[in-house]
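One chain, chain A, appears in both complexes that follow, with chain B as partner in the first and chain C in the second.
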Partner chain A sequence: MTLNRRTLLGTAAAGALPLVTPMRAPRAQAGNTIRIGVLTDLSSLYTDLAGQGSVLAARMAVEDFNPGAKGFNVDIVSADHQNKADVGSTTARTWYDRDGVDAIVDVPNSGVALAVNQITREKNKVMLVSAGATTALTGASCTPNTIHWTYDTFSQAAGTGRAMVAAGGDSWFFITADYAFGHALEADTEKFVTASGGRVLGKVRTPFPGTTDFSSFLLQAQSSRAKVIGLANAGGDFINCVKQAGEFGITRRGQKLAGLLVFITDVHGLGLQTAQGLTLTDAFYWDRNDGSRAFSEKFHPRNRGIRPTMAHAGVYASTLHYLKAVEAVGAEKAKADGAAVVAKMKELRTADPLFGEGEIRPDGRKLHPMFLYEVKAPNESRGPWDYYKLIREIPIADAWRPLAEGGCSLVRT
Partner chain B sequence: MNAVPLSQRIAFAAMLVLIVASPFVLYPVFLMKVLCFALFAVAFNLLIGFVGLLSFGHAAYFGMGSYVSAHAAKVWGFTPELAILSGAVVAALLGAAFGWLAIRRSGIYFAMITLALAQMVYFVCVQAPFTGGEDGIQAVPRGHLFGVVDLSSDFALYWVVAAVFLAGFLFLYRVVHSPFGQVLKAIRENEARAVSLGYRVDDYKLIAFVLSAALAGVAGGTKAIVFQLATLTDVNWPMSGEAVLMTLVGGIGTIFGPPVGALVIITMQNELATILGAWVTVVQGGIFVACVLAFRRGIVGEIQAKLGKPL
Partner chain C sequence: MDTIFGVPAVALYGQLMLGLINGAFYALLSLGLAVIFGMMNVINFTHGAQFMMGAFVAWMLLEWLGLSYWWALLLAPLIVGATGVVIERLMISRLYRLDHLYGLLLTFGLALIIEGVFRNLFGSSGIPYRIPDQLQGAMDLGFMFLPNYRGWVIVASVVVCFGTWFVIERTKLGAYLRAATERPLLVQAFGVNVPRMITLTYGFGVALAAFAGVLAAPIYSVNPNMGSQLIIVVFAVVVIGGMGSIAGSIVTGFGLGLVEGLTKVFYPEGSATVIFVIMAIVLLLRPAGLFGRA
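Up next is the complex of A and B:
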């Protein structure tokens, strides 16, 4: 077929037509409709750990809460922030200014989360962070409008660092992605390792982004004879490291790999053969108790078979708690004053089937125990997604950064 | 210099009407984004359209402008116009250094050198403490224009951004149609002949490069003030690609092409993102292919050819 201008224009116009018409959700705003926006990554590296699953989790929270019986309506909108802070902040502004959104949930990617955090405060709305990691949200950048629910870089470092040493892994070697996030993770973890009596035998910085061959770094780690190799990286770097460590047989020779930021979907992607023996900190595992199993059974058939990650669990639980607070202050007031809803959320104790009972600190940090897991070997796994065995529970007092250390302006000392 | 042709007068009047009328209909933040990118594309077009140099590293100047403006406004407490100006100055200095190196080669080598240098800037931004690494610079205050006019409302800021865009646009129009611009076009058409006529071609190219970089810095700085943040997105290589795409879609070497291209691409990114998600990039790629195959002169370029009048 030859391409000419006329056919091209014709098809382009025909293709564009349906796109133009349903451009925006209807803007009709009844005073008692609460609108929740799930701002997440629908197209790139966080799609499996957050993405559509987060939208579903928010929807399930609304279904389980049943707002109709309590005198108000809730609808859910969602958008892809493409991991760009400017796209995320434009979406957040549009949602708040034009589309009547009252709360934004999930927000993976710390950069985007920080941008939305500030806009949320400016517009006096509500942000419930689940997949975003940075501790700045409850530290220097904390606001009366934000709750940080699931985990943060501190909980990951504290959990894995301290618990590994307690479990006998007292000598460490770090493989660190050479940028701010990697450095922060490494420094935090190192602090816990040495404070618990462990030693750091060495560390190596891998260029970021763009490192795909970790073999020389892994060999250095292996020859250091450290008991634990700490992977202060995430996403693709992490997966490549684990795969290549598997090829060198590092874990089979007794050294342990400690992932500092790992989701169950990463383990699923790697497969048990490669990921076995990996130790990680998680806030939620679908097979932990009856509540989590019941949630997962309802969740995964609607999410292409993907079991809920801790990010999904956090979206569900934070949305549920938000709706309870909305009920308590009244929908009309909740739409007008986001800070009032967040204050109510801090006042009410949290209770949900996934995280159990808990509370939210004045700085916006949700408190719940974390868990140290080890990835099972293939012969220990009894079925699909049966991946983790519990090593120990990390109590609240150890899991989170002490309130006074964050530097949050909302905390009176 | 000849009088401005009627076709361009009409086009400019139309653009002016659009700029004035649209914030009453459309969302101002979206329009400000379009204007920032339009200025970026106009700056890029000076090099590709009028000197024939394909720079593949304009994200470096855009991103540096954005970082420096954000830092100046947030940490040093500059007023927005001074913050944007400091971004432009740094971008110009960077452009002078990089341009001095890059203009020694042409064609694909020029593109590769600019890309390589821009990637170096990117890695510096990943590491440098002042950029905030992955998190970027957040919570940049919009501040008060000249210390007086409060810019926290989107509407007030819109007029400032519109003024910045128009100033940049008219400045480049003037540059292109000056004797200096004529020499640039001569270099584009036949560099050897320009040399033989006694023009110091390298000097002309370098000046054009610095002007383009400085305006890209203005665009980046303005964007930082509008969105109140500066991140790695601004300085990463896909941003350079966007400048190329916008200019190509609008029409390389036309006056009104780059703003039209920016409008088309940004609208697509904004409106299609919710419907198509990841497929936006694929659609963009498709448009790029369609342009190269069937609309090689771009939207405005084709209209210009149909009318036989300059636009």
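Up next is the complex of A and C:
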């Protein structure tokens, strides 16, 4: 046998290394072309909730804005960060230094978002976060170059966490994805639980990515006898948790699951039979009003039938608002000074068909109401993707972390 | 209540049971790899993708043809196994004379392509697949609440693993197979069609992966990444057990499932790493693996 184990293992390790495919973007062009890079997960567990749909949402924003009529061009490029902070950082540097990218949008995965956040500031470019969740982006790590648009761990905790406690769920057990996002979501939710007199009976940190069997963690949650099992994870991790909790009869025995970050694509993946009755907090639902329905009708035929998630909506709206600010400061200045564009974005009021009118706070937090939904039972659903019923709207004052509490250095007290 | 290191004994039995269930998947998958490696000396990196294909074929049979889980358990391995036969005939068979690394690279590339195609067609959030009605519900074992389906997974896996071991180690067909690996020309001289036997062996190994995929469909999210998450662990299992050792891969599969289950109780953060730690130790102390012949 000519093959020995050492060669096998070496090759296996090499195979597991990130497959960095350099983006072949055209060289930086004339001063009036704005280039937007969609940095997202194109190959793993966040692909459906962000991924290609985010690239499409950015394209649609450019189409609707029609930059040609306003005297500048806009290019969209995209890349897969594979949920690895190092891959994301390398792509961001290459984009900024070599490919003439002016703004990076979307960035699911808080770990990657935090890494790109620093690079964006260093290069004085712009980052518009939609699918990344950590509140650190508008707190300790806030920069004059970053806008956090769609949701954050605080808004999710404030919505679902508070609603569960109000409904009598005063003892909690957390199943937490073991990285920046899970930790932030768990911490924010825990604050709401203890502030309203509840208790946290235990928590377990699950390796990320790569955990597929959650039954062991679910049984630990079960034996804690907590009334609520808080799932501080997202995407495929969340789906597997809910599926396996159903299998082990955990919900039938009276414990409630709280999905702290749930996307409509997750509900679609679970099926209504399994997902019915879940309470969730969302910034955008395709069937909420005429604006969202019109957007969805244009979006889903171009996205393999997948309806837009709140991450997609955020990419669309943030790109649109960015382009308005670029128009206001002029494309040439916008390319040279990212902070100036972000300052203009904060100065202008936001207006788009998906989130309505709103504003951006000095710390970079975009403000809009959030919504508490319940997943419909199969017999209540009238058609494909008819999944949510509204419980109530969460007003801006309750949905977001108060400006003074974030510890952002841009906020003068 | 009795406790072991601060964990109630009753809870611990439950966790061991879960470890055994995960071990059942490790055993089935590493068995397929061991059969393919042991008989053909090919390191089949496509194994994870073929596991995923098994789950998807089960879903397609149900959704498009209305065939139940039980049909899928029979048909999905046959269908995916047939694709394996095609891959072996068209591609892998051309590489036997080259270094084994070429086979590894080919199968790794195929895995990436297959997963990419499925991701394009079905997205990454996965699709629902229901537990068959006959296996709904659960039994109370006293120390835990065991879903009937998980019990079935253990039974099915043990039966298939034992059957495979028996065929290869204890029957005439298995003897031909093992002889063909050692002395292909001599066996051919006795009138055995060695290339066809090799092709069918690959098809069988692939079918084992697809069988595991069908078993996994109702409990894990059926999505294009489900195999790649598992395959690296399974390779570690094969290396610990000893490359190509049939019995070794089965025993190690179940054993490491148990070890992982215990880690999930005592140090959950380490549960994704513990198998690789064991692998490193085994390689240092017994480079041929626990059951391998140096």
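Operating definition for what follows: the second predicted complex is superposed on the first by the 314 of 413 C-alpha atoms of A that agree within 3 Å, B and C clash if a C-alpha of one lies under 4 Å from a C-alpha of the other, contacts with A are read in each partner's own complex, and residues count from 1 in each chain.
FYI, a contact is a pair of C-beta atoms (placed from the backbone, for glycine too) under 8 Å apart; a residue touches a chain by one contact, two chains touch by 3 or more.
All values derive from a computational prediction rather than experimental measurement.
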Partner chain(s) touched by A:R93 [first = chain B, second = chain C, both, neither]: first
Touched chain A residues, chain B compared with chain C: C
First (chain B), second (chain C), both or neither touched by A:T134: first
Which of chain B and chain C A:T274 touches, first, second, both or neither: second
First (chain B), second (chain C), both or neither touched by A:S44: both
First, second, both or neither for A:D178, with chain B first and chain C second: both
Which of chain B and chain C A:A195 touches, first, second, both or neither: neither
Which superposed partner A:K84 touches (first chain B, second chain C, both, neither): first
Contacts of A:L390 with chain B and chain C, given as first, second, both or neither: neither
Chain B and chain C footprints on chain A, overlapping residues: 3, 5, 8, 12, 19, 43-44, 178, 209
Touching residues (chain side chain C, partner chain A) in the complex: 8, 11, 14-15, 18-19, 21-22, 41, 43, 45, 99-101, 104-105, 108, 112, 116, 119, 123-128, 130-131, 138, 144-145, 147, 149-150, 219-221, 223, 225-226, 229-230, 232, 235, 239, 243, 261, 264-265, 268-273, 283, 287
Chain A residues within the chain B interface of the complex: 3-5, 8, 12, 19, 23, 42-44, 79-80, 82, 84-87, 89-90, 93-94, 97-98, 110-111, 114-115, 117-118, 134, 136, 141, 178-181, 208-209
Complex interface listing, chain A residues touching chain C: 1-3, 5, 7-9, 11-12, 15-16, 19, 43-49, 51, 178, 204-207, 209-213, 215-217, 219-220, 223, 235-236, 239-240, 243-244, 247-249, 265-266, 268-271, 273-274, 304, 306
Chain B to chain A touching residues, read off their complex: 27, 29-30, 33, 126-127, 132-136, 138-139, 154, 223, 227-229, 231-234, 269-275, 277-278, 290, 293-295
